[in-house]
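Okay, so chain A shows up in both of these, paired with chain B first and chain C after.
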Partner chain A sequence: MIAAPGQTVALVVFGASALGFGVAVFRTKSMVRSALALLGSMSAVGGLFLALETEFLGVLQLMMMATEMTIMAIFMVMFMMDPGGLGQMDMTHQKRAAVTAGVVGGLIAVALSALPSWAAVVVAAPAPSVQLHDLGIELMSRSMLIFETAGLAILVAMIVATTIALAEKQP
Partner chain B sequence: MSGPLLLLTMISGVYLLAVLEEWSATGRLSLSTPVVRGLAQLSRESLVPRKPDRLLFELAPALLLLAALLAAAVLPLAPGLMAVDLATGALFVNAALAYVMVALVMAGWAPDAAYALIGGWRFLGQLIAYSMLIVMPLTAVAMRAQSLSTTDIAASQAVLWNVLTQPLGFVLFWLAAMALAFVPPFDLPVALGELAGGVFAEYTGVRLAILRLARLVLVLTLALAIVVFFLGGWLGALLPGWAWTGVKTLAVAALMLAAGRYVPRLSPDALLEWAWKLGIPLALVNIVWVGITLLAVSK
Partner chain C sequence: MSPLVLALLVGAGLFGIGLYGALSQTNLVMIMMGIELMLGGALVNLVAFWRYLHPDVYSGQVFVLVVMTAMAVEMAVGFAVGIARFRARGSVEMEEAVDLKG
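Showing the complex of A and B:
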């Protein structure tokens, strides 16, 4: 597939901002800034999907991440001792292990992108409405069991979490 | 269609809405008020709190405006009269509006002030109440149109508007839209008289002007969404399509603003309780109802 020039520019811009925001997540001591930087990174990935002509995935990514990252932010604020990062508290630990894990993980990701022989790239992406239709058929046929299982698991987790959060009945 | 024309339509819509807002708050109907108020606002000093998160403080008003404008971009005023026609339009409206909450949480966190902080996090709780009631009625609307495209959804109501085929979804979506636009009685994040302005409390001058403008754009966008999804969009007799959209949108927006004059503000816990214990079950009933009617009609 030969990309249009605008598409290539969009890919580079969104890719670079995804990485840039990703770095920003670890460069700040403020929990809220960190969570919002992660949101920026995830939204840039949504932009990447849009640039790659997968409209539904892009819009879904933009929608889901806004809520998820902000809810994550409030939990980080609740649980951390210095959520604003104003106390200059050092919150890192096991630096050597973390660096090693990061480098190894990064190398594996690069290897996975290069090593397998990917199937031929499609010449032209199907129209967005066709993609939507195909995705619906996929969700209601082959992938139904996977999604239903995941949905049931999440429902059970929600019920259990609510039960645990309820006030204790015994004295 | 040309961008400048759409922009002009948006600006005049917001202006008329500003007149209506003044009327809903004070009972005075005056065409010049928004100009006077706007100029007065812009000439005021733009204060910055003592220890703000400066980046988020400056970003929040712009993000709120951007989110509302992006959502409006995919809603048609007439066939073909829209900024972008997406196959996933209805989902995109929702995606863009999710950033309203992000902007308010940012605006609440950034000034390092108690009232703003409570207002911002409150709106996150409010999102938990309203977001399902935005998505689930939209699902039923998309079911009838068999499409997520906003143009297709409006066109699918040629025979009968969605407000008549799925009244339950209409009421739920309307209330959720009011909660999303944080207009009274759902104005929990700003809550004048209780949080002294909440997320807006620490903003002054130009920044406050942008926040207020963004809120008006948001109300207008949501009124337009209600019109496109439930009130037949541009469909109507005699008048041209865009005129019908304009009339309906302003009427919906006026009703949204007027409601706040007569209803007291809900408390956050009451809002969540009503939304989850009553709203979501009713939204499910609506989806089942629409499914049954669609099957019955297609047979």
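Showing the complex of A and C:
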């Protein structure tokens, strides 16, 4: 079974955009451009989710990443000596080992994706309204403990982050 | 090519790019960007598995929500550590953080 041609085209377009922007993150000397490229990559991932007919997760991804990358760009400007990359500083180290690890890790992931004989793909996804309803039921029944644990993890992270970031009081 | 394999290849590519970034960058925020890309690759895989293999089982979508939570937590704690480090040493360069080595 194969998916509709339109869906495959959308997968290719959004997938190529996600990968292209992903490469651009580490190709530019400007940290702000890196943050914007990551925003482009994560937005393309959101578009990929929409192409895969998971509307809720797609919109969630787009909203989360737009906010997250804006915050990241602000932190870039705050922390960096040269956020615009005008000084052409080299911000990399152990480049050969990193390239090797990236290529080997990526190739292993590609092999694990392409080599197994996956089951036949399901052509039709549930309608968006059905997905939302069923996901809500799942979150409030079988997966409630997981969902509550995720919420608790965010609460703990907020408290930890605030505590770490608070300035120490001068005696 | 199956659309499932196509989506998995995108996930694999994002993972490889993220791994390179996390290992090669010297700046804390750039390292976090690499980790975000790796988690993005994992998200693509999870959504593809849910969509093409088991669209009737919603634990796949719940898993995606958990990974998104991990991304948010990583960002929050990472930036907090960055602020603390910047306040103490005036830099978030990892090359200058050898004093953190145990």
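We adopt the following convention: the second predicted complex is superposed on the first by the 153 of 171 C-alpha atoms of A that agree within 3 Å, B and C clash if a C-alpha of one lies under 4 Å from a C-alpha of the other, contacts with A are read in each partner's own complex, and residues count from 1 in each chain.
Assume contacts are C-beta pairs under 8 Å (C-beta built on N, C-alpha and C of every residue); 3 or more make two chains touch, one makes a residue touch a chain.
Note that the coordinates shown come from a computational prediction; the quantities given were computed from them, not determined experimentally.
Participant: Putting chain B and chain C onto chain A via the overlay, clash or fit?
Facilitator: Because the two structures are overlaid on the shared chain, the partners are seen to fit without clashing.
Participant: Quick check on the superposed pair: does A:Met80 touch chain B, chain C, both, or neither? Answer first, second, both or neither.
Facilitator: Only chain C; A:Met80 stays clear of chain B.
Participant: For A:Met63, select first, second, both or neither according to whether it touches chain B, chain C, the two together, or no partner.
Facilitator: First partner only.
Participant: According to the stated criteria, A:Ile71 is in contact with first (chain B), second (chain C), both, or neither; which is it?
Facilitator: The answer is both, since A:Ile71 touches chain B and chain C.
Participant: Which partner chains sit in contact with A:Leu39 here, chain B, chain C, both or neither? Use first/second/both/neither.
Facilitator: first
Participant: Given the touch rule stated above, what does A:Val110 touch, chain B (first), chain C (second), both, or neither?
Facilitator: A:Val110 sits against chain C, while chain B stays out of touch.
Participant: Touching A:Phe49, do we find chain B (first), chain C (second), both, or neither?
Facilitator: second
Participant: Once the shared chain is lined up, is A:Ser30 touching chain B (first), chain C (second), both, or neither of them?
Facilitator: first
Participant: Tell me which touches more residues of chain A here: chain C or chain B.
Facilitator: Touching more of chain A: C.
Participant: Have a look at where A:Leu145 lands relative to chain B and chain C in the superposition and call it first, second, both or neither.
Facilitator: It touches nothing on chain B or chain C.
Participant: Just the number, please: smallest Cα separation between chain B and chain C in the overlaid arrangement, in Å.
Facilitator: 13
Participant: Determine where on chain A the residues touched by chain B overlap those touched by chain C, and list them.
Facilitator: Residues common to the chain A contacts of chain C and of chain B are 56, 60, 71, 131, listed in rising order.
Participant: Hey, which residues of chain C end up touching chain A in the complex?
Facilitator: Counting only chain C, the residues touching chain A are 2-21, 23-30, 32-34, 36-37, 40-41, 43-45, 47-48, 50-56, 58-59, 61-62, 64-66, 68-69, 71-73, 75-77, 79-84, 86-87, 92, 94-95.
Participant: Under the stated contact criterion, what part of chain A meets chain C in this complex?
Facilitator: For this pair, the touching residues of chain A are 2-3, 7-8, 11-12, 15, 18-19, 22-23, 25-26, 31, 34-35, 38, 41-42, 45, 48-49, 52-54, 56-57, 60-61, 64, 68, 71-72, 75-76, 78-80, 91-95, 97-99, 101-103, 105-107, 109-110, 112-114, 118-119, 121-122, 124-126, 131, 134-135, 137-139, 142-143, 146-147, 150, 153-154, 157-158, 160-165, 167.
Participant: Quick check on the complex: what are the chain A residues that touch chain B?
Facilitator: The contact residues of chain A facing chain B are 30, 32-33, 36, 39, 55-56, 59-60, 62-63, 66-67, 69-71, 73-74, 84, 86, 127-129, 131-132.
Participant: In their complex, what parts of chain B are in touch with chain A?
Facilitator: These residues of chain B touch chain A: 51, 53, 55-56, 86-88, 91-92, 94-96, 98-99, 101-102, 105-106, 109, 112, 121, 124, 127, 131, 147-149.
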